[in-house]
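In what follows, structures are represented as structure tokens.
In the two assemblies presented below, subunit A is common to both, partnered first by subunit B and then by subunit C.
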Partner chain A sequence: MTGRQRTIVLATPGAVALLAALGAGHHYSAEHAHAVAGNDSASLNCLPCHVYTAQDGLLGKVFQERYLSPREIAVARDGRRLYVTAEEDDALLVVQLHARTVLDRIPVGKHPHTVVLSRDGRTAYVSNGWSGSVSQVDLTARRVSREFAVGDGPAGMVLDSEERVLYVANGGTNDISVVDLESGRERHRLAGGQNPHGVALAPDGDRVYVTSRLSNPVPFRTPPVTEVTVVDARTQRVTERRQVYAAHMMEGVDFTPRGDLALVTLVRPKNLLPATQLQGGWMLTFGLGVIEPGERGAVWQVLLDDANAFYADPYDVAVTPDGKRAFISHAGADLLTVIDLDSLRGVLVGTARADTATLANHLGMSRRYVVSRIRTGANPKGLGMSPDGRFVYVAEQLADRVAIVSVDSLRIVGDIDLGGPRRISFVRRGQRLFHRADHTFQEQFSCRSCHPDGHTDGLSYDIESDLLGRNVVNNLTLLELKGLAPYKWTGKNASLYRQCGFRFAKFFTRTEAYAEEDLNALVAYIFSLSYAPNRYRSASGEPTPAQGRGRRIFERSLTNGGREIPPANRCITCHPPPRFTNRMMFDVGTRGPTDTDGLFDTPALVNLYESAPYLHDGRAATLEEIWTRFGNEDRHGVVTDLTKSQLNDLIEFLRALGPPGNGR
Partner chain B sequence: MNGGFAKPALSMVLLSAAAALLVSRWSGRPAPSEATGDREVRGGASPAVAEGVPAESARVQPALRVYQDWRTYTKRDGLPSDKAYAVRVDGARVWVGTDAGLAYLEDGRWHTLGVRDGLAHAGVLAIDVNPTTGDVWIGTFGGLNRWSGGRLETFNQLNSGLANDFVYGVSSKGEEVWVATAAGASRLNIRTGEWSIFDDSNVSLHEPWTYGVHVNDGMVYIAAWGGGVLEYHPATGQWRDYRDPDGEMEFDLFPNDGLIHDITTGVSFENGILWVSTYFGLARYDGARWQGYFDHDSGLISNFINSVRARGPVAWVCTDLGLNAFDGTTWVTYQRDTIMGDGRILIGTGKEPTTRLRSATAIAHNYVIGVDFQGDTVWVATAGGVSRGVPRAR
Partner chain C sequence: MKRAKGRLLAGVAILAVVAVAAGAVWVASPRAAGAPMLIFTQIRTDDAGWNGGDGPAQWFPDRSRIVAMDADANDGGVRVLTAEFHSARAPMVSPDGRRLLFSGRRHEDDPWQIWEMRLNDGRTRLLTPGPGWYTDPAYLADGRVVLSGRPGAATDAFALYTTAGTGAGLMRITFHLDRDLGSQVLQDGQVLFVSSPADQVNAGARYLVTRPDGTGLRLFYRSADQSRPGGRAWETEDRRVVLVERGGRGSAAGVGGRLVALAEARPLHSRVELSDRVAGSFHSLHPLESGNLLVSYRPAGGRNFSLYEFDPVAQRLEGVLSDDPAYHAVEPVVAAKRARPKTFFSVVDSAVKIGELYCLDANLSSLPPARASRASMGQRLRMRGLDGLLGEVPLAADGSFYIELPADLPVTLETVDDRGQVVRGPSAWLWVRPNERRGCVGCHQDPELAPANRVPNALMGAPVALGLARSKAGGGSRP
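== the complex of A and B ==
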């Protein structure tokens, strides 16, 4: 036997063993992927879960990019510069308009949201969504000169006419900070709506309008009622709360120059109807709230959609200085709608007050006031108007770009590349898919429409397939879902692949499901979503006395009377750290008359204070109601022996359950 | 129970009001020395105050103003009911809580809010306005409401950390709301949403009933049924209780040895003086010395006091037989002659008044439950409506 033959003889068993091992490994991997995904597609592989979504370490460096994600824009009064918040880059970008270049990047707090400018152009104020603060930026020195604390999740802001007071909408704490700029201190906070967002000062300087994204608490299974909070800029008190019925997600707001109308973007969800309405072209509609000032002023709603064509997720609105036109960005449709305000007024004048509900639902009206639809780059968000009214600047959040729109020609006449990464990562691709409505029937909505910021819109939906009017479910957050399968309240979905794959196709797209690569990207993006820092946890991590007492109740095994609590009925059993769920189905006695079953997936409890209402169908408006109204039979933990103080302590502890590392 | 006294529920309040209606008729005739006209009463050793004048001015111009012009508002004027439990001034607006709902007077017109509008319960017992935010906090028999910019929001024992739905008193300053309930006092931190409960498990309360609360000048005082007065110092987190040293339920055994009775109905802390109302007399504490006042040894018209509210150094005492104003030396008593319908005003430093006045108009009813101030004007909540007293131009 030659040496070569000997080598072959010796190597063959090894090669066979190696191939066998590889085959077995592949088989195991495929089985694992199919099991996890609940999908037996041959194209599933390890990468989306184990590689593409890696945020840290070498893999994270290789596969992730740090995008800018411009959110809001402020235009200098001389029209020479733009100031753009880069939400994912924690920075304020200074853009020179004539050169269309970024002059500087000024680091600010985490997840900057809105920027407003002083009249002299020397100072900018930036709300930092994840830092609970506002950065005061010296634009001459191009650095943060001061930072002051406000509420949780600061979003929109506006200066009063004398630039002595800054109003800040705190989306997390549902209030409005009134900040004294001389001292840099918050004077007080005003109760806002739910998830306040956009802020605008009326042209006369007397009133500040603050929009809300989520509905005020309403009786179970009734339409949402979302408010625009009106603050008297002289007294700095809330004077009115304009109720906008059957609408929510009011994000942008602007006034006409005369101040006779305020325009707010809004979504009209039909969540009380069965999801078949979607297939009929009627699930979400998108429009504007048109508000006349004064207590007796009307609140109209008009749609921006056309029959059989929807323009998802209106975000911002900007009125031209001459008051003739308004531009609205549709973040889910990648376009702007331009409306003629005189035509809109004509429609309003011709509508009796009694017919406002008809107008609010009329898909045929938009052609009377919509003058143009302008395609933009990915995910247009904040709008800025040039002082001369000739241009509208559009923050294309998922393109890292600002589009320049000519008000005269109603065309995009230029772009400003803000300098984000050229490569589109897998997660970024999924992010675009998540925010784009083009996969849904008639582009009715994006994932974001019901999951703003990847979270929840706080509504319950009749979205199950079994029978109409049955199994109404409370919308769930998508934040930090990785590793929390199964999904849905019923636990029917073994994976997001199933949820976002053929289930999505069946109910939402009515045509084809996402392509495999898109589905992988979408899942990768959803798995990348994380919670903001828990605002109830101290920086040191030390619990407050009430949280400490609440923790002992959460972990207890004996009642106040010394009786042993069965392990299956202890809080800690079903809600163990780190996510505070054991991912198992349990019947806690909340089955309602329309529920097929009483078994529900145990939800995670991270940052649950952001997730009201509670329980599988959203019947509990507050955490207290979980036990005082709906869980007083000791099936959802043992609580009937607790004093009211102990229940308060337990709730203080629950509110402080944050993400691992607390999102910092 | 304390000395056999039942806890006053709504029925007792109403019964008392009815009884007062029958028994509080003024039987005396005008004394020869009685006169009509505006009077300014000079204080003695203790400076009196000109009502409606800021405290600094009051020290310069000490006077206890006498009110002889009263205007009464009842159901006919737009109130939900004549039985007013609370009144609170909110700038140009005046809030009134009744047994049938909430009302506010604005631009000369009464607006009403009821359960249909989101009020937690029709019986409104307490009202306070947060001076910073302007939000109105409303205590009812069914929980606590916040009225803010026209929106009524309910906090009750089922949907919030409120200790109990029977809310007898509420006081709000800065970022906190203190609530006196039938199951202890509750504190809501408006900013964080955290609720705390103070009851017999963590503070010195004989029983859980708390009837009044007042937050002022960095202190919190709680009137507790059977527990005297609780004092809380927010800066230190320290509690202290003031009790009746003799523990007697029927009478005050040793005068001025401390709080006169453990059953208290209201507190007011103003100008460093703590005023405490009970069903057995009035107590005043200046930080060093307690002083008790009774109907048998002072100008206090009745020992049965529903509430007390101080403004500057003057305490306004709401009793079942009329309204007293007292600056520490001089008493002014306002009553309605239930036969003639006119007003009787008594002025003096002791039990016997030195001056008796008649006024053409009077407070609505002698069963007085609450009082508040709007500039020079005084507002009085009674069992027969709400009265507004204005001083005559001099």
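== the complex of A and C ==
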């Protein structure tokens, strides 16, 4: 045998084995991808799950980018500079307007939200959404000079007219910090609505309005009622709680120069109706709340949509200094709406009180006060008005850009590139898809419309089941979903690919399904979403005494009376760490009045305190109600032997269940 | 030498294959970009029965033909695309610009049917085998075709059908007794069409939209001044719908018509007339990329409709593109690639023989109560079919109802008081598709009113079966 023949003899089995291994590997990986994705698409491959979404290590460095994601804008009083919070870059950007360039990047806390300026232009205050703090920035030295603690999830802020007090809306703790700027300490912590967000000071300096994004607790299967909290700026006490009915997601707020009206952006959900159709505004409509001052002042709602076109996710509102116009950013529609305020007043004056409900639902009214729709870049959020009222600046959050809009011509006359990465990563592409409503019929809603910040809007929906009006489901968070399949309360969906695939298009968005690459990008983005740090956990990770006692109850095997609790009925059995779910279906006696079945997927318990209401249909307004009102048959864990203080301890422990690493 | 010869032969063979392939590609290629082809219908001016109005003589003009003309040709010369047909009209180009649908008949005694032509080689195929008469085809987003059909010749009623275009059976998607003609597929995938009562000439016509499976039917536009839709409407790039309206404003039997634009976002209340300043009449139109319109227009006192370019901003005719005194030039289309509309997933399940209808408040209506009833609020809902009463159901305390009814069956609804007197109604004919679930805010309510967010009382219970006493078969597919 020659050397060549020997090589062939030896190499052939090797080659065959290699091909067989490759074939088997491909077969295995295809099987795995199909099983995980829950569909049989031939073009599924390993990259979306294992490469494009890698956050750490070499792959993370190669495939991920650190974007700026500008959120809110403050304009210097001399009109020469903008200050922009870069939410994903943990920085405050200083922008020189005439050169349209970024002068400086000042590091602040995590996920900065809002920036406000002192009148002398020497100090900025930045709320740090994930740090629970406000950074005081010396704009001369361009550095943080002081940082003071506020509540959890600080968002909107405003200075009082004397600049002695800073009001901060704490979205996580549902309260409002009143911060003494001289001492840097909170004077008061005022109870707010649910998930307070926008803050504005009335032109006379007497009142502070704070919007809320989520509804106050309401009886089961009744419309949301969301609060605008009114604070007396002299006494620093809450004087009114203006209830806005059948609306939520109130984010932006601004006053007319005369202070006779406050405008708030809002969403009017139709969660109590079966989701059988979208046309005609049967899922969501978007509008403005118009609030007259004083306890007896009216609260009107008007829509910004048209009969066949919807403008999703209104975020911010800015009134021109002459009080003639208001600009509203629609984050889900990549668009600004401009309204004529005198025309709007005309509509309000001509509407009898008895007709305000019709006004709030009428899709034809917008033509009477909307004067323009202006297309913007991706995801317009915070608005800033130039002091002379000639320009509106728009933070295009997912374009890393600020657009400059002429108030006269109602056109974009320029933009400022903030210097974010040029490359659009796979996850960023998914982020844009998540926040854009163009994948729903008539662009009626984006994923974000019901999942603000990737979380939940706290509503229960009637998502068409075999009988209309049955099987309503509590909206679930999308944070940290990777590895938590199956999805939905019924566990019907083996993967997010299935959840967001053609069935989603057939029964929810009611238009064309996502193209496969888009679906992959969307899932990649959703899998990248993470919880903010759990505020009930100490920095050291050590449990408080109450949490420690609660943990022992959570893990116990014996009742107070010494009777053994069957393993299947122990908390820890179905809710094991690290995500506190065993991902299995159980009937724990929570079947409700609208349910046709009692079998539900076991939910994860991470950052549970952010996810009210509770149970699969949202019947329980608080964690306590899970057992005190609805689970007192000892099928959802054994609890009837617990004392009140033991139940309190259990809940303290549950609230402290944070994500691995606690998001820090 | 032998090896070299072999290589030479192989080379020649490869070249031959490449040449044949290249030739095939050349033959199959659409026309070069930059020279779009205009396609339109020519109707003989000596056809005394055709006047550009409504009625069977207008929908099926004798010896009409479809012709093509290069947009940049100066001589106005046309090429007949349907030379093998006795009559043809209603051209519609596919989104990829390569195929043409039209209605036609090869011989004088044939029924009018739907044909598809490959524009590169002129080959045609029949899409609607069978005895019925068919017209006004349009491509759906998924490649299927929507068309108007009249299965028998005894009636003027036309329903909409869809077909996969493979010679497979037709699926009917509208079920009332009206004439549904002039289909157009909007960018969002909905089918926009003209619907008019079959038993009334030139009255009550309006534009409706439906999803391609016939679900979600609703009013799109109805003229406030009794004008009549003049046929197929078109969508522009700036999301307007442009169309021709005839009659109205005290006009007599008016043929031809006026150019009208609607904002797609609010079609019922955004009508703008584009041809105020132009005397004469318009027959049909097609939007151009430039923002101008290609229009079929006849000057006041003129004999025939010719093709012009029209500037809708200046309201000015820009110039004639085709003018042959022997023919009317109507129904222009441009053979060019355009954006594909969006697709829908159908909820229709043919295994389910019923659909569901629910209403939030049947007493919410813009109609005044009937005089015969002393009540202003109905107590019960009555449903009638073609053959009479199908049943009654009490309204819930909040005015809501939730019923299941036979699918694809035209019915009318009316509210009645406790003495059985009609309070409001009857409604127009409506129907539900198999497995469709449709909700209404009220009965004859303002169509721009979004629903209030509350749980209708009627949805606390099971649906009441009307018109059939059987439960749902098949179960349907739910999320």
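A few remarks follow.
Basically, the second predicted complex is superposed on the first by the 650 of 664 C-alpha atoms of A that agree within 3 Å, B and C clash if a C-alpha of one lies under 4 Å from a C-alpha of the other, contacts with A are read in each partner's own complex, and residues count from 1 in each chain.
Quick note on the criterion: contacts are C-beta pairs under 8 Å (C-beta built on N, C-alpha and C of every residue); 3 or more make two chains touch, one makes a residue touch a chain.
Here the structure is a predicted model, which means the values were calculated and not measured.
Look at A:G420: by the touch rule set out above, it reaches neither subunit B nor subunit C. When the shared chain is aligned, no partner comes close enough to touch A:G171: not subunit B, not subunit C. Of the two partner chains placed by the overlay, only subunit C lies in contact with A:A307; subunit B stays clear of it. When the two structures are aligned on the shared chain, A:L363 is found in touch with subunit C, with no touch to subunit B.
In the superposition on chain A, A:L190 contacts subunit B only, with no contact to subunit C.
Between subunit B and subunit C, it is C that contacts the larger number of residues in subunit A.
Using the contact criterion defined above for the overlaid structures, shared-chain residue A:A513 touches subunit C, although it does not reach subunit B. Touch criterion not met for A:P659: it reaches neither subunit B nor subunit C. Taken together, the two complexes place no residue of subunit A in contact with both subunit B and subunit C. Chain contact summary for the complex, subunit A toward subunit B: residues 151, 173, 175, 187-191, 216, 227, 229-230, 235, 237-241, 536, 546, 621-622, 624-625, 628-629, 643-645, 647-648, 651-652, 655. Residues of subunit B that touch subunit A in their complex: 132-135, 146, 148-151, 153, 157-161, 163-164, 175, 183, 190-197, 199, 201-202.
Listing the residues of subunit A that touch subunit C in their complex gives 221-223, 246, 268-274, 276-277, 279-282, 285, 303, 306-309, 357-358, 361-364, 367, 441-442, 462-469, 492, 502-508, 510-513. Per the touch definition, subunit C reaches subunit A in the complex via residues 141, 188-189, 216, 218, 239, 263-270, 342-345, 347, 356, 358, 360, 402, 437-439, 441, 446-456, 459-460, 462-463, 475-479.
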